[in-house]
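Chain nomenclature is as follows: A, B, C and D, assigned in order of appearance, with residue numbering initiated at 1 for each chain independently.
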Amino acid sequence: MNWWLPPQASNFAPRIDGMFTAILIITAIPFFLVEIGVIWFVFKYRGRPGQKGHYTHGNTRLEMIWTAIPAVTMVALGLISNSFWVQIKGRNSVPADAYPVGVHAKQFEWWVTLPGPDGKLGRTVDSLISKANPTGLDTTDADAKDDIVIRNQLHLPAGRPIVAYLTAEDVIHSFYVPEFRVRQDIVPGLHIKAWFVATVPGKYEIGCSQLCGLGHYKMRAQVTVHTQADFDAWAKEHAPQPQAGGE
Amino acid sequence: MDPPFPAERGVDVYNKKLGMWVFLASEVMFFAALIGSYVILRFGAPGEWAKPGVVLNIKITAFNTFLLICSSVSMVKAYAAVSDGDIGKMRFWLLMTILGGACFVGIQVFEYIHLVERGFVPAGVREGSELAEMVAKGELPGATMGLYGSTFFTMTGFHGFHVTCGVISMLFLYLTKALPGKYTQQDHAGIEVVGLYWHFVDLVWIILFTIVYLI
Amino acid sequence: MTTVAASPHTGHAHHDDRSFVSKYIFSTDHKIIGIQFLFLSLFFLLVGGILAMQIRWQLGFPGKPMPGGGILPQTMAPGGVILPEYYLQLVTMHGTFMVFFAIMLLLVGVYANFIIPLKLGAHDMAFPRINMASFWSAFVSGILMLSSLFVADGAPRAGWTMYVPLSARHDYSGVGFGQELWSISIIFFGLSSVLGSLNYITTVINNRAPGMTWFRMPLSVWALFITAVLGLLAVPVLAGAAIMLLFEQVLGTHFFDPSAGGQVLLWQHLFWFFGHPEVYILILPAMGLVSELIANGSRKPIFGYHSMVFAIVGIAFLSWIVWGHHMFVSGMNPTLGSSFMVTTLLIAVPTAIKVFNWLSTMWRGNLRFHTPMLHAIGFVTMFTIGGLSGIFMAATPLDMFIHDTYFIVAHIHYVLFGGSLFAIFGSIVFWFPKMFGRMMNEAWGKVHFWLTFIFFNTTFFPMHMIGMAGHMRRLYDPTIYEFLRPVQPLNVFISVNAFLLFAVQIIFFVNFWWSLFKGEKASQNPWEDNGLEWTLPNPAPHGNWETPPTVYRGPYEFSAPGVTEDYLPQNRKLPTDREPALSPAGH
Amino acid sequence: MRTLGSVAAVGGAAGLLVLLAWAPNTTPAPHRAAGATISGKIKLTGKPAASVNPEIDMSEESKCAAQYKSTPHEQIVMANPNGTLGNVFVYVKSGLPAGAKYPTPTTPVTIDQQGCLYHPRVFGIMVNQPLAIKNSDGLLHNIKAMAKKNRPFNISQPTNMTTDRSFSVEEVMLPFECNVHGWMHAFAGVLPHPFFSVSGADGSFSISGLPAGTYTIEAWHEKYGTQTATVTVAATGTKTQDFTFTAK
């Protein structure tokens, strides 16, 4: 089995893994310091009858040092990861040319809307949500005409920015694709965006990573990342029949 | 242990009083949670909040507020009286405070009954009620009435609960301590401590009255 | 409520003529109340453990009938096969019981009650009757929480964090009355916690024995004092939130209902505003207790006493401004995320100070490896891992990947089990003689420590790995996911070790009960410690002191020069000591 | 005191709920007295749009998908070849003698989850009659009964198993859904009397054992709504009453 992080399949993955390794190294230093220190002291200073401990109440300089070092490290770490954080989730971090996909989560299904040739997602209205129209797609909207609505499947073109418009119908769900290192809670009442670039064509899984009820563990969807050519072919093949989105 | 049991110098406040201050700190956090949620919900609300005075009757509540403030004053007088050793006056003013608090609760209960009759409930507006018609006519913003009801009844309800607790404990003190004459010029901790609580409850109400009724 | 505060307590150790009921059941004696809390919380520790075992069975062997599961009703586990609804109840109640009723009561309920007056040289708590009320409301709260497992449709299923709307709407979760019981129970719990806290705070401020200045207070008391402040201010917020949740369920309010303008994230903000101080409520007292054990076991003054105190205060302060780090991926404004990340990372600083100070306390000591010391060392080593793994999830981009995975589960168990629970085991052994007048069996105590230490690591360390593989939390059956099938063997390994970990706890329980009746009689100061409690007979009498002790020095004067023994009780007067200035009577 | 009080309260409430949920019924199986019969056909005029029964994408549940040769469709409108309409719930809405009691059958009504669909989709059940919820698929289904008058429930069946439930009061119609497979829907008519029927593959229904009297009969369809008719029957004999729905 794989003893390390999952394969990398998005633009964020390498840098996130880099951070993981970096923090692992940073934390390894105090870890070994303490653990080896403990073991060493346990053997070196094990009690001998009639002997006393060394009578001291501390050493200010020493304490200054091991206060300052963590402080500096932590602040530095904070600044570094923040610069990256802003690129991932920052309010205006989403590239302008990002390809929009609608991801609508409900107990316990994922409903995905792909924009079709016009590259625009149709308007969705909560009041339109019904058995026949699970995403509440407003079919009167011109952009909606060519939208592809599919269940528990997400098809993406590789190598171009994707922005997922995340909506939840009932409870909190969470959009999570380990290989992309992307996770975003989907909160009813909020309209949340998450963007990333899927870099490696292949099949992956969306897992719901926020407890959402009885079927939480079953709330799973397949992500298929195609090359742009394959993706266009797939989209043409799945172009909506007239009734897509119900009557 | 209350002094005179010898102890290292702490704050120069006897235990019961200190305990009450500490307790009030937690009460502040409790009401901060309720009021904070109200503020967040109201600012994040979808659209207009109901205009003041449309649903709630400001006049009656204003009088009620006045009543509570008076009871706070009478509490001060009771404490002053007992500090001067005038036990009779202390009894009188304590009784006045109890009456003031009791009236406040009574009027609040009356107000609740009236509101529920008009169709204002914690869940918002009851179907087929007077307020429901006003919402239909557009005199009230239907979108936020649910939040209005939820926050109003929760905050005022829990304040009312606190007032009731205050009245009960004051009545208890009155019957077990004040009447039998257990309070003296030297020993009247109960009056002071319950007074602190009473002033706090009063203060909270003034805030609630402002943000719930007037704004 | 204030009227209850009246305390007609006469601190006379001799002629204790109270009836059995007033002595052991509705007792106002802080020591008895502490012991009542001990039995209550150990019971819930056991319950929480049993629930955990069932969780591990399902994760290790999904869908297989659980041995002995046949006794469970059809609605939980037909034929011993755990149902998803029961699994979610297990997950929820394990968290709830362990956090609120096991760890928190063990630390704040047991040790704050038992230790504070003894270590400060007070007759009792400032408000003994409020103290009793605190225990009994905790008791009611616990019973209510437990009963939720037995009502129709069972206990809540929204996880111990009770995220709305899942917890607020029965049709989403499928829960019935059990959900309301959670809220009601938590309200009682809040009451208990506030009553306790105001008692501890008042006692520490006003009831210290002559000479027990602030900086002569033992670190355990310092930690418990700061913890009480946190509890006092944090728990009411939870109570407020629980009340809103309750009203949402029974009155149909709309606080958290987006369709009526309510806000889902409001719950998370309220919960974690309480929840993060709560996390430190669960670890600060453990740190304090461990400081006692380490100093005693090393026969050395604690290294950097003042910085230890300031570290506690610093952690407590920071705990108020870090709650957002539970919500990095919750849809909260990412800019907030940035600031919460920085504050969170800063917590590493005071934590590091404490760890290094413990380490340096052992340095050039004369170490005695009695069971409490072993547990204390276990605490330092394991807590270090837990603390460091926290840095991973504090870094927001990385948290986006490991949030809500088993990496988090591993982290919290390294802190709460590897940290708090080791400290608790050590403290139980350490103060057992003062509580019951007998020693716990050392040999079995050491066996219990080593087996626990080993199986603890084999159980929880692999969780980091399955977390790195992306294993989400609260999954009924991980094998549904292709990317999790490879780690299933690790899940089996974890489960087996978890069972062993649970099994070795039996040693502790047996040792506990056996020593209670058959343990060897303890001498007055079996650990040769400096604390005031050890100047009292075992078990300490009602009212503790006939004449209050006078304190001449700090609590960690081990191996002091010019003294024949390697310890020096706080109240032993040396020729050089001056009498402390007494506060004017009735100040 | 407070302790005992709240514990008792909880205990009481718990007991009550348990009773509500699992009220046992031990009344013997009814032996239907001879009486009048109302039977008829549910006609369907017009041609339902192709989109009325959407396709189901079962790709992720290979176990289920394997059971179908062609792509499965939802059975919202069950238009029979002979121009009739199936899955129509026909029942006596009113007219029965007031206060009449009808024995509750102990034989359960079974709703089977097979091939990720409910069988039957529409059915009638008597108050307190056991409902056996069967999972023949061996994969997770959750059954959410969205009851308004009865106590709603939401349970799950991760594997092959059967769960028994029942309903305590009349409710027409009581919808079921599975949230794991959003296309799964079923409807139950819960009635205090045995005078109901569901039109089958030939569109016919038959309600028998009726005492003499005048009854309001209602026919319910999940998409086309309800229709009522008034029928008078003698002590014995059969009356025919057809209903006609128009496809939209």
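In the analysis below, contacts are C-beta pairs under 8 Å (C-beta built on N, C-alpha and C of every residue); 3 or more make two chains touch, one makes a residue touch a chain.
Since the structure is predicted, the reported quantities are computational estimates derived from the model, not experimental observations.
Student: Quick check on this structure: which chain has its C-alpha centroid closest to the centroid of all protein C-alpha atoms?
Tutor: The most central chain here turns out to be C.
Student: When contacts are scored as defined above, which chain pair ends up with more C-beta pairs, A-C or C-D?
Tutor: A-C
Student: What's the distance between the Cα centroids of chain A and chain C, rounded to whole Å?
Tutor: Here the centre of chain C sits 32 Å away from the centre of chain A.
Student: Between chain B and chain D, tell me the centre distance in angstrom, where each centre is the average of that chain's C-alpha atoms.
Tutor: From the centre of chain B to the centre of chain D is 53 Å.
Student: Could you grab the centroid distance between chain B and chain C? Build each centroid from C-alpha atoms only and quote it in angstrom.
Tutor: Distance between chain centres, rounded to whole Å: 35 Å.
Student: List, in ascending order, every residue of chain D touching at least 2 other chains.
Tutor: Correct list: 140, 142, 154-156.
Student: Out of chain B, which residues touch more than one other chain, so two or more?
Tutor: There are none in chain B.
Student: For chain A, which residues are shared contacts with two or more other chains?
Tutor: In chain A, the residues touching two or more other chains are 107, 213-215, 218, 220.
Student: For this entry, which pairs of chains touch?
Tutor: Here the touching chain pairs work out to A-C, A-D, B-C, C-D.
Student: Taking the touch rule as given, give the residues of chain C at its contact with chain A in the complex, in rising order.
Tutor: 84-85, 88, 91, 157-159, 163, 165-166, 169, 172-174, 258-259, 262-265, 298-301, 303-307, 329-331, 333-335, 337-338, 341-342, 345-346, 348-349, 352-353, 355-357, 359-360, 362-369, 377, 380-381, 384-385, 388-389, 391-392, 395-398, 400-401, 403-405, 465, 468-470, 472-478, 480-483, 486-487, 489-490, 558-561, 566
Student: Residues of chain A touching chain D in their complex?
Tutor: 106-109, 131-132, 134, 150-153, 213-215, 218-222, 241-243, 246-247
Student: For the complex, give me every residue of chain D touching chain A.
Tutor: Residues 49-51, 54, 57, 59-60, 140, 142, 154-156, 179-180, 182, 185.
Student: Inside the complex, what are the residues of chain B that reach chain C?
Tutor: 1-16, 18-20, 22-23, 25-27, 29-30, 32-34, 37, 40-41, 44-46, 121-124, 143-144, 146-147, 149-151, 153-154, 158, 165, 169, 172-173, 176, 190, 193-194, 197
Student: Of all residues in chain C, which touch chain B in the complex?
Tutor: 1-3, 5-7, 9, 11, 122-124, 126-127, 130, 194, 197-199, 201-202, 205-213, 232-237, 239-241, 243-244, 247, 251-255, 257, 260-263, 266, 269-270, 548, 551, 580-583, 585-587
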